[in-house]
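Here you go, one structure.
For reference, chains read A, B, C and D in written order, and residue numbers begin at 1 within each chain.
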C-alpha cells in the first residue's frame, strides 16, 4: 500500500511538471502585435512547415539529424525577441531579422544582404542603398524600401541610442533605393558598422512601437526576413525553425541546413562541456576549460585551429589602471607595470595555449593592417622584469623594507586587482599577474568580489567616483573598424560615473588623442586611417593608459558527430559563433555550409 | 538501582532532599562511562576516525606545507603518477592533498564554532520557551520563526557583498547564528512534553528556581537528545558550509572542502574525469560528519543502560 | 499458601561485579494476606518486587524458587513468565503517574492491552466500569488522556488496570510515595478493598513508609541490605519487634505519616554496607549496638514465635 | 483553541512582515547598482545608448523613487501577488519565472520528502527492533545523512549519467522535445527527474532513519513501555505505541528541516541544472538579479511559514499532551 502511495506521488510529480512545462513554454509574456493594415503578423509558425512540404513529422520532437544544438550566447532565459534590444534572444538578429550587409572581419569585406548594393556619392556625403527585390517577410508581405527607411529611422530612436541620430540628417525613399544624407562629414566608420548591425523590421508592424517604451515590445514570434522563425522558447532554451521561404535560397542559392536550431541557455560551463562531449551539443561558444586536451581526446571535437591557439581572437583582455590614482597616474609606473607582467604565463598556465598574447597595441589580429610596426618596435612594451625594476628606480620609486616599491612619498603601494568572483579563468589570471608583478617589486593584491561590486568600482556611481585600482576588461569585440577600439580607450569628454560609463574606465584624459579618434571616425580611406592610428599608437605606447595582455579566444568548439564541415582554417573561413553580431559577421554561412554527418 | 531512568523518573519523596536525585546517578554513570566506552564498537571506531581526520587536518599542512593554491606539479595528474602529489593534482596542477588537508581544517573549525554557537543559542531559547511557556514562549517562538524563515542565503548575500573577502571564521559565525532555530524548536518541543511530567512538577513544588529545574531536571533528562542536537548542528554546520561554498559564497582566497567541489565542478572535473579532485572532499565530509553521528549513538548507548540491553 | 518464595537470590550485574541486592529470601504470603515489605531504600525490596514479575536487563536470577498457588513461577524465563504476568501476578508500579501511554485515550489503551492478552474487551468492559466506579472515578476517564487526570486519579486508574484479571498476587511498589497524605490513605484503603472484593488474592506492598503498612498490612517483612531481617504480623512488628534494626526502625517513627526513606536512621551511626561484597555474618552488625562475637557468623532467619521469624543471634543465639 | 491559533496566526503574520521587510532591503541596500550590472552586460553600445538603457531600467524597476515610496509599492504589489520584474529576465515578471520553475522543484521535493520520511521512519523503527538491522541500516543511514547533497548528486551523475549513460546528464526534459501531453515527453520528463530525486531522497532518508531510530529507543525506555511489558503485553503492542509517539518529534522535524532541504534541493538542481527554483536562485546570484532573489525568497518564506503552521495544527491534533498543555497555556 505504501509502495502504491509512492507510485502515485511519482505520477503526481511528473504530471505537475508536464502541466507546468506546457504552461512555461507559453508563460513568457507576449505583447500581441495588433495587426496593422495589410499585415497579418500573427502567423502560427508551427503551421507553416507542414504547409510547405517540410518533413511532416511531429513538430514537437526535433529529429536529431535535422537539429542543430548551440550554446554560449544565452545567459538568461530568453525573455525578449525585440531585435533592437541588446538582450534579445540568441539569433533574433541574424536568424530572424537581417541587416543590409554582412561584414567579414577575416577578409574585411562587406557583402550586400538585404541591400543588393550600397555606395557613397562622388563627394562621399550621401549614401545610397539599393534595396534587394523579391525579399518577403515571414508573413508573406514584401520587403520594401519603405521598410528600410523606417528601420534606419527607427534605429535613431534615442532609447536605442545608437549614435546614428547624431550624424544622420535625412533618410529618403526613391524607388527601390534609400538615400541617406548626413550632417557635416559622415561618421563613416560608425555608419559602416551600422550597415551590418541595423536589423530591418517591417514598418507596418513596428510603427506603433517607435517610442521611448520600445523595449516593452517583446515581439515574441515576430515577423522577419531571415532563414529562421520563432518556434518556441522556455526557461532553458530558444528554438528556431527553418523559414521555408527564405529569400536567399532563390536569390543567392543559399540554403540553411538545420531544420531546427535549439539554443541552450548556459547553466554552467561544465554542463555545456558535458553536453558537448556526449554529442548533445553541436556548437558551444562557452569558454571551456581543458578544451586543448579534449580536441586530442578522441571526442570528435574540433576547433577553428587544430593546434594552439585553437580559437580565433575575439577580443582583447586589458589590465585597466585607474589613472586618477597614485601611482597609476604616472605613465612611467604604468609602463613598468606593463613590463613586469608576462602574458605568456596566463596564456600557458591559465589557458593552456587556447589564447594568444596580445600585440603591444592590443589591436586584434583582424586589425593588423592598422598597426604601425615601427612605432611598436620603438615604443612597444615587452615583458622584462629587470627593465621594469630599473624603470621604477629611474622613475624614483624606492624599494621598501618589505621588498615592494613604495610611492615617492614613501607610503606603501598596494594595488587591488579586481575580477568578478566565479570568472574562473580570470581569477587564475589575476593570481599569475600578481605573482609576476611581485617579482618586479609591485605589490598587487588579487581580489574577486562579486560581479556587482566590480562593476560598481569600475563605473562608479552618480555619487561616487570609480574606486578600483586595477581591473581586467575585454569590452571591445571584433568588428569592422579599429575606431571602436580607440573610441573605447580615449573617449572624451569624461563620461559621468554610473551605468552609462562603459568606456575609458582608466579615465585617461588626452584631448589630442580624442581629436584623432573623432577624425578616424570620419575617415573612409584606409591609408588615411593608418596614418591616424599610427599617431594614436604613439600616444598609447608612450602613456600606456591601458595594458593589453592577451587576446581572448572566440570560444568555439564543435562536435562533428551529427554535423560536419565546420568553419576552420583548413575549410572555409567564417566566424563560428552565435553571439550578438556574429551572424552578420559571416556566421550565417556556417549554417549553409555544415553537412549532416555520415 | 543504578538505572538512569529509575533515578530520573522516580519522584523524589523527601522534599529537602530532592537535589540528590538527579545528581546521584550522574556520579555513578561517570564511573561506568569509561568501562562501557572501551567496549562500545561504535564509539571506538568513530573516535578513531575523528582522530585520524584531526591528525590530517592539524598535521597535514605542517608535514606537507604545499600551498593548496599554488601549482605543485603537472596539471590533472592521476594520484598514482607522482609521489609528490599522492592525491593527484587539480586542473591547474595544484596538490589535491594540500587542498584536502587545509579544507578539512576549515571544516573542523566551521563545525566546532558554528555548531557550538548554534547549539548554545538553540538550547537557551528552546529551554526557556518550552519551560516558561505563555507569552515568553510566544515571543521566543516568534523570534525563532523569524530566523527560521529568513532566507539566510539572501542575508549572506547582503553581508558578503560588503566584505571584499570572506573568511572561514565569518562563515562559521554566520552559520552559528542562522542554524539554531530548528534546534530551538526541537528542544522546546521536548521541554514542552517534559514540563508536564510529575518529577518536574515536584521539583517546581519544591520551590526551586526555573533555572535549577531546567539545569538539574530537564536537561539531564534529555541530555542525550541535547547531545544529538549538538552533533547534528556540528555536522550540519559543516554541510551548510559546504553548500555555501558550492554556490560560490564560500571563503575567498582560502580553501575548504566545499570550495574544492565548487572548483572541481566549475573546472569540469566531472567531464574531464578528474574524479580524484571531487571524490576526496566528499569522502572527507562524510567521514567527518558520519563519525560524529556514529559517536553520538555510541555515547548514547554508553550513557543509557537500556540501550545497552538492546 | 498463595505465594512461596524460598532462598531467592537475584543480583544486579554492574561493572564492579554483582550487587547482591536480594541475597536469599525465604517467605510466604497466605491467601487474603496483605504483606508489607519495608526497609531503607537500596535494601533490595524493590528488587524482590520486580523479580517476582519481571527481571529487567541487568537483574540476574541466581537461585531459589518461587511458587504461586502450587505452580512453579519461572522468573528466570522471559517467555515463560508471560502467562503469569497480569493474570497471575500483577503490579502497581511506583511510576504509576507515567505508566499510561500519554498519547492514547485510557479506555482505548486498556482495550488494546486486554485484547493483546487474548481477552475480548467487551467481556471485561462492564467489570472495568464497575471498578472505575468503585475507586470513585468518573467512567469517562476512559475517554480521557492520562495527562488530563490528577496524580491520584492516575494512581487509582492504574490500580484498576493492574487488577483487571483478578491476579493471585499484586505487587504494589512505592505506590504512595508521590502522593499527599490524604490521597495516600485513600489509595491504601483502595488496596484493602481490592483484597476484600477478591480482585486480588494476596498482596505485597513495598514501601519505605511503615506507617502506611501499619494501616493496611496483615504482616510486615523487614529487609536490610538484601537479606530478610524480621517477619511478623503487623501488630507484633510495631509493638514488640525483636530484631534490633526493626526496633530502631519502629522507634524512630515519631508519628504516623512520617517518611524517612533516604534519611540516616535516627541514632544509628553509619550506613548500610555495600552489597557488592557484603561483610560475612550479620550485615547489620556494623551499626548494631548489640553486636557481639557471634555476629560474625551468618544469622539464620528462623521462626522464633508463630508467624514471627527473625535473623539475629541476640534473639536466636543461645538455642540455635 | 481558536485563541491559540489566533496567536499562532498573529505570530506568523509578524514573522512574515519582518521577513518580507528584510527581503525588501536586499536589492535596495546591496552595494552596486543592479541596473549598472544589467547595462554592462550589453557592452559595445555607445555611452548615450547606455544612459538611455539605464534610464529605461530605472523606470522599469522604479528604483528612482524615494525609499518609503518604494517600500509602500513593494507591499502594495506584494499583496497583489506581484513580485516585481526580473533583471536577469530583462523585465520579465518575477512571478512568471518562479511559477515556471516551482513545479519542477515541488516535483522533486514533495516526493523526496514524503517518501524519504516514510521510508526513513519505517527503517529506523525496524532498526531499533532488530540488532542486525541496527548494525546494517544504521551505518548506511549515517553515511547518507552525512553526505553533502551536491556530492551525492555529483557522484550519481558521474557514474549513472556521464559514465554509464543510463540517465540524462542535466536539464528538465530533453532539448529535442516540446512539452506535450504525450507518453514520449512524460517518460523523458521522468528520466530527467530520477537522478535529482534520488540524490535528495537518499540523503534525507538517512536523516529520518537515524532520527526515528533514536526517538523510538527513547520511547521504549519510557515508563508506559515498561508497564506494558510488565503486564505481559506482546512486543507488537509496545512497539506500536513507541512508534506512534516517536513519530511526533519526526513530524516537527519535517517542518524544521524544510529550510535545509530547500537548500539541498538548490545545490542538487545546480549540479543537474534542473530548471527548478534552486537553479533560478543560482542564476539570480550569478547575474546579481536581486529582484528575482527577492521574489524567490518571498516565495520560500511563505512556503516555510505555511509548512510550520500546518505542522502546528497537525501536532496539536496528534499529540494530546500539547493540546492539554495548550488549554492550560492559553487559559
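The working rule: a residue touches a chain if its C-beta (ideal position, glycine included) is under 8 Å from a C-beta of that chain, and two chains touch if they have at least 3 such contacts.
Computed from a predicted structure; not experimentally measured.
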{"item": "Innermost chain, taking as reference the mean of every protein Cα atom displayed", "value": "D"}
{"item": "Dominant chain pairing [most C-beta pairs in contact]", "value": "A-D"}
{"item": "Euclidean distance of C-alpha centroids - chain A vs chain C, Å", "value": "92"}
{"item": "Gap in Å, rounded to a whole number, between the CA centres of chain B and chain A", "value": "48"}
{"item": "Centroid spacing, where centroids are CA-atom means, of chain C and chain D in whole angstrom", "value": "56"}
{"item": "Multi-chain contact sites of chain D, meaning residues that touch two or more partners", "value": "30-32, 162, 223, 270, 282, 286, 319, 321, 324-325"}
{"item": "Of all residues in chain C, the ones touching two or more other chains", "value": "95, 98, 102, 147"}
{"item": "Residues of chain B engaged with two or more neighbouring chains", "value": "9, 161, 193, 196, 248, 265, 270-271, 306"}
{"item": "Chain A to chain D touching residues, read off their complex", "value": "2, 5-6, 9-10, 12-14, 16-25, 27-29, 59-64, 67, 69, 75-77, 79-80, 85-87, 158-163, 166, 212, 215-216, 232, 234-237, 239, 262, 264, 267-268, 271, 274-275, 278, 280, 422, 450-453, 455-456, 458-459, 461, 475-477, 484, 491, 495, 498-503, 581"}
{"item": "Residues on chain D engaged by chain B in the complex (per definition of touch)", "value": "7, 11-12, 14-15, 18-19, 22-23, 25-26, 29-32, 128, 131, 134, 138-139, 142-143, 145-152, 154-155, 157-158, 162, 210, 214, 217-218, 220-221, 223, 249, 252-253, 256-257, 259-260, 263-264, 266-267, 270-271, 281-282, 285-286, 290, 293-294, 296-297, 300-301, 304-305, 308, 319, 321-322, 324-325, 329"}
{"item": "Touch list for chain C against partner chain D, complex", "value": "53-54, 81-87, 90-91, 93, 95, 98-104, 112-113, 116-117, 145, 147-148, 158, 161-162"}
{"item": "Touch list for chain B against partner chain D, complex", "value": "5, 9, 133-134, 137-138, 141-142, 145-146, 148-155, 157-158, 161-162, 181-182, 185-186, 189-190, 192-193, 195-196, 224-225, 228, 235-236, 239-240, 242-243, 246-249, 258, 261, 264-265, 270-271, 275, 278-279, 281-282, 285-290, 292-294, 297, 300, 304, 306-307, 310"}
{"item": "Chain A to chain B touching residues, read off their complex", "value": "268-270, 273-274, 277, 288-290, 293-294, 349-350, 352, 416, 421-422, 424, 428, 431, 447-450, 452-453"}
